[in-house]
Amino acid sequence: MPSGALLFQSVILGLLLGGLYALLAAGLTLYFGIMRVVMIAHSAFLILAAYLAWWSHTRLGVDPLLSMVVTVPLFFGAGVLLQRLLLARLRAATLTMMSVLLTFAIAVTIEGLLGYAFTGTQRRIQLGYGSASFGLFGARIAVVKLIAFGLAAVALLTLYLLMKKTTFGWALRATIQHRDAARLVGIETEKVAGYGFGIGLATAAVGGTALALDTTIYPSLHWHWIGPLMAIIVVGGLGSVPGAAMAAMVLGMAQSLLQIPLGTTWAQTIFYLALFATLAFRPQGFFGGRLAQRF
Amino acid sequence: MSQPRSLATEGLTKAFGGVVALDGATVTFRHGQVNALIGPNGSGKTTFFNCVTGMIRPDAGRTTYRGQEITRRSPHAIARAGIGRTFQLCRVFPRMSALDNVLAAVRPHGLAGSLRGAHTRAEVDRARAWLTRLGIEHLAGSEARTMSWGQQKLLELAGVLMSDPETVLLDEPAGGVNPALLDRIGSLVRELNAEGRTFVIVEHNMDLVMSVSDHIVVFDRGRPIAEGPPSLIRSDERVLGAYLGV
Amino acid sequence: MTNRYRRIRWLTALGATMTLALTACGGDGGGDSAGSDDPIVVGISLPLTGDFSEPGKGVQRGYEAWAKITNDKGGLLGRKVELKILDDQSNADRVVADYEQLIGSDQVDLVVGPFSTRLVVPAARVAEEYGMLFVEPAGAAKEVFEQGFKNLFYAAPAVANDHYNHLAEYLLALPADQRPKTAAYAAMDDPFAQGTAYGLKEKLEAAGIRTVVDEVYPPNTTDFGSIAAKIAASRADIVVGGSQYQDGVNLIVALQQLKYQPKLAAFSTAPTNPEFAAAIGNKTEGILSPTGYTQKAPYPSNKEFVEKYTAQFGTPPEEDEANAYTTGQVVAAAVTAVGCAEQGECQKKLVEWVRGNTVETVVGPLSWDETGKPKGAHMIQQWVGGEIQIVLPADAKETDLVYPKPAW
Amino acid sequence: MPSASDPTVTPATTGPDPAPTSPEATTTAPKPPTAAAEPAAARPGPATAAGPHPAATGRPESGAAPDGGTTTPATTRVLARGRVGWIVRAVALVALAAAVLSFPSLAPNPYILSAGVVVLNYAVLSTSWNFVGGFTGYISLGHGALAGLGGYGTALLVTKAGLPSFVALAVAALLVAVLAVPIGYAALRVRGASFVIVSIALVLILLLVFQSWASLTGGSRGLVVPRPFPGLLRPEHHRVFYFLFAGLLGLALLAWWLIDRSRFGLGLKAIREDEDKAEALGTPTFAYKLVVFVVSAGFTALAGGLYALWFGDLDPVFQFSILTGSYLVLMALLGGVRHLFGPLVGALVVGIALEYFKVEFGNTPLHLVATGVLLALVVLFMPDGVLPAIGALANRLFGTTQSSIREVTAAQLREERTAGARVDAVAVPGGAQPTKERP
């Protein structure tokens, strides 16, 4: 029987992990909402951002957090270009399938380029405060993990405010809900879709930096992330950002707690079990989201 | 009033997010007649079609056909019950030949039927006959995507007719077609009706509606507001009000 | 998940399609080998890309050093040694195809082993079925020796499960009040890494030291927070990590984040890496690690190896390089003794010779049992005073083992 | 019916994808033939009004031919293809088979032969993939996992249950097919995206399970599959398995071809073209997709199991790999998913291209980049594959020879007919666009 301290520690870890999942799943959901695209390359960009953070720290001596000054706008631009130049070219009839292949191809390309530039060696940022931590009711929270969580939380909050409080957010939501109708009321949906993609990729930049703070990175790490993230967006209900965030927290927590009795490997299967269960019994997802039914 | 063999709905309701597309629509169509479903844009006509044919699950309400409830059946089951439909923006199988487009509507029976290597001569003949009757027999071997808009509309209709539906739902058959074809479609509907098929037509072209239909149902905001023969509908103030937004 | 997705068996297919076209154009000239002026061609498949590329390249350097040093001294049987190295991309399908090609198509005279246990077994089967002697530098897991291979020999002092033998003896010899009561194990799901930890676990459990945590994590694990939490919560007296490099670093950092202070911390491989101290922020004091090789080892050939290797590559050799070099030494000894090096009958003689003899190598004298398992044990090193030093066995030690270890 | 006028304004069919389904496309229409001009016998409809659904019985209405008596192939290809086409195809087929079967005796050494086995394995796998991908348009990135399941199933049945190798292979394939039912149920119930997600998740979860469940699968220690023919020398072993794979390839191709020309196949293709529409025409799309997915899984598992028997060592990371699945997709797409031999051709083309990249860029992961770029190019510019592209080129070079696999296009037909056909233009009305605003 796990001790109370271990349970509490696991809850804390689950919370911190769930936060990162939530941010990344939000980006993935955004793409799906905008274009019905399952963006396999999302996690590859995540790792790319992590590498850029690592690189700027190791080679330039800059704090990894500062690398976001460059990576966030860079990724935003890349997202816009990706949507406008590549995804928009695909035929509507086969968009869902072909976009998966296209983004898959992008993911593999990024992985290959990372391997070429930095070799397959596992990398890790060595921070002065890397092993620092503080106590909280008997649990210990690593400073880097807390920073990562904070980054994710701030980014998610920003995204939320952007979506709810700005004109652009309104246009984006309208585009997600009904593209044709949005066009009828004068929204330039193509442009909005491009910017939406940019924002999605920008979240990957933030997530990647957060990731680089506390874990090892290597070029093919993105496969490790894309599976859980896809499960999260399905469980949350394809296309629903709050749904994805909820599912991310729940599943992140479940993974962390299940590691106590089951061990790391089996605990990971919770994502896929949740995925299969969702599709078999409640394809529209558990936390809102109504797009899944039709796509 | 209600005929046992007719297509009827009771309190059909469907909302998309906050938008109520169907609001308790109760309609009974006349069996053996040409029915028209009209109404301003966004009044829920296409949603109504989609609910009736099982493409969308209604939130509430029921659909019956020939006295049997078909509300929760899958679209293909409803099609097999004898209800065929066309789509608002004409839909054909773009990369299949016209003949295959029509033959795709032949229903195989059971596993053995499905795996049978080929269609019978009679089936191919019947498919060709439909193409002939719709005037596109010369395109039998062409891929549908190479055909013009009007030809595709005819091809779509041929496919639906090949499945031999007792009731045919046409979603904007006149949409985007030229006057000559419009006449042709109108007379075709009348001919087919004379042969015993029931029609329900969603259409904006009032000339076509008035000339072919026996019975008109007017939709507004997701429910019927008036129904009757064309002569009556033409002078109904509620209809005018709905269209003009009064 | 990991780079393994790159391991694609179909690349082999390409070989076939290419050669398909070539077969029409007539035979190759690789068939004749026995001429005394011809070099002795040694075929090797190595993971130069993919998951195991880092250690793979180390092994490659070891083989290259061996070839150069041997040739500088006049080669083998008066013939030059020539290496033919193919990249298997860390892929088991590819490694088999590589050895098929080396033996069947390129007609090499000798083959030696690839890197990583996962690749050794399939590769050894090819060699076995073509009747080739197969000395390998990396198949340390005990499963390798349970396949019934007759031609396989592991060119290192001990298999993974025996790496901690000296440490086990030391712990069990402690007075009862000092002996640890509980132990926590965390091992990567990899035959080698897991083998090291489980070898120790078996011995300690048999002696009554309770296992309170037994975690196996996949090779792609990057977040060790949960595993560390379990270990920390168990308050185990000692912690044993069956690690490669980065996972060991991550686990140690995660344990340090939780302020867990065991009496003893042993990790395989990672602590011997030159970058280890920097990677964990120099909080290395007291960490133990088994090693099969040290540059300071007193064996005669080792001095030459370290010297010439350093001259050739600019840095002193590590364990991977030494194991490859050892492999070369074993093969060379057999070839010299038997007096032949080509496919066919000769290989049987080579196998017989290796089985019956002891070979002096840079890791000491090696001999094998009938399954090809070496009969030695690893040394134990410990970080003492900011430096990693040999502490066990007693006759080789540079300093005393510190137990319980100081806080990290 | 000469009176049926030709569409006059040629639709924009010059591009590779004219997409005339857009309402903006030039609206032309054939002049309606008058009903009186039609021979009554050819008119469908009235005859069917007798019963509620006479056609649904599938019985011929006119013509006394019983089922199967005088059947004609469903597709119009036959109509356009002459006897010459058949002969050309038959000769090509025999030549191909001869080339495949004579390869072992031509192979100069066992290595080449073993490489041939690997090629065939890939050809079988991508052909099996094409049952789902080609017919229904549902793209699975997880077929590598099904092959892995077949391999592990076979191995475990041999080692744990003591079944003879090839019995184990058949049982394993059957079990995988059975397992494919719930997988397909979850994956195919909703459209599109979910299927891809499930297919990827399948690989990832099976990797986890087979790695973790070490007591059964051997985990990362791997699983050794006993040789089915222990007495055989290695070269002989390759030879035997070469022919086994060739046989399996033949079987898979035959099954694909049979489905391709069946009503079932037509229904599947209708799903690929427009699933809603197919459903509305009465095709039970979910059942169709599920059946073909199960068939595909069965063949994939057979290939995976045979591979396991041949190769002898299984390791989860190699058996459950997303890249394996994606290469199958790349091969099939490049070769052309609509064609029987597309995946086979794709395997060869992709193979050579990537070997080139590997040779060119040596020991770097740039072959991944090459793979990615190639896949992206195919998806963006050649979604129909090379076979159709070559076919189109051949047509352009040698005129409209109908031995091509492709159906004759309307444009070609029109050209042939232009000479005699009277053109009577029907003016396109201004309101050709189906604007919904029109009251």
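Think of it as A, B, C and D in the order they're written, each chain with its own count starting at 1.
Convention: contacts are C-beta pairs under 8 Å (C-beta built on N, C-alpha and C of every residue); 3 or more make two chains touch, one makes a residue touch a chain.
Model, not experiment: these values are computed from the prediction.
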item: Farthest-lying chain, centroid of Cα atoms versus that of chain A; value: B
item: Busiest interface, counted in C-beta pairs; value: B-D
item: Centre distance in Å when chain B and chain C are each reduced to the mean of their C-alpha atoms; value: 72
item: Chain C and chain D, separation of their C-alpha mean positions in angstrom; value: 45
item: Approximate Å spacing (C-alpha centroids) for the pair chain A, chain C; value: 38
item: Shared-contact residues (touching 2 or more other chains) in chain C; value: 1-2, 4-6, 49-50, 53, 189, 216, 218
item: Two or more partner chains touched - positions in chain A; value: 93, 115, 120, 219, 223, 263, 265, 268
item: Residue list for chain B, restricted to those that touch at least two other chains; value: 94
item: Of chain D, residues touching chain C in the complex; value: 103, 106-112, 114-116, 118-119, 121-122, 204, 207-208, 211-212, 214, 219-222, 224, 233-235, 237, 311-313, 315, 317-318, 321-324, 327, 347-348, 350-352, 354-355, 358, 362-365, 367-368
item: Complex contact set, residues of chain A against chain C; value: 2-3, 5-6, 9-10, 13, 16-17, 115, 119-122, 124, 126, 128, 130-133, 140, 142, 145, 214-221, 223-224, 256, 259-260, 263-265, 267-268
item: Residue numbers on chain D that touch chain A, as the complex places them; value: 17, 19, 137-139, 141, 182, 185-187, 189-194, 196-198, 200-201, 204-205, 208-209, 211-212, 274, 322-323, 326, 329, 333, 364-376, 379-380, 383
item: Contact footprint of chain D on chain B as seen in their complex; value: 40-41, 53, 55, 74-77, 79-80, 82, 84-85, 87-97, 99-100, 103-109, 113-126, 128-130, 132-133, 135-143, 145-152, 154, 159-164, 166, 172, 175-181, 183-184, 187-188, 191-192, 195-197, 204-206, 243
item: Chain D - residues contacting chain B, complex; value: 1, 4, 6-7, 9, 11, 13, 17-21, 23, 25-33, 35, 38, 42-46, 48-49, 52-63, 65, 67-68, 70-76, 79-80, 258-259, 261-264, 266-267, 269-270, 273-274, 276-286, 338, 407-411, 413, 417, 426-429, 432-434, 436-439
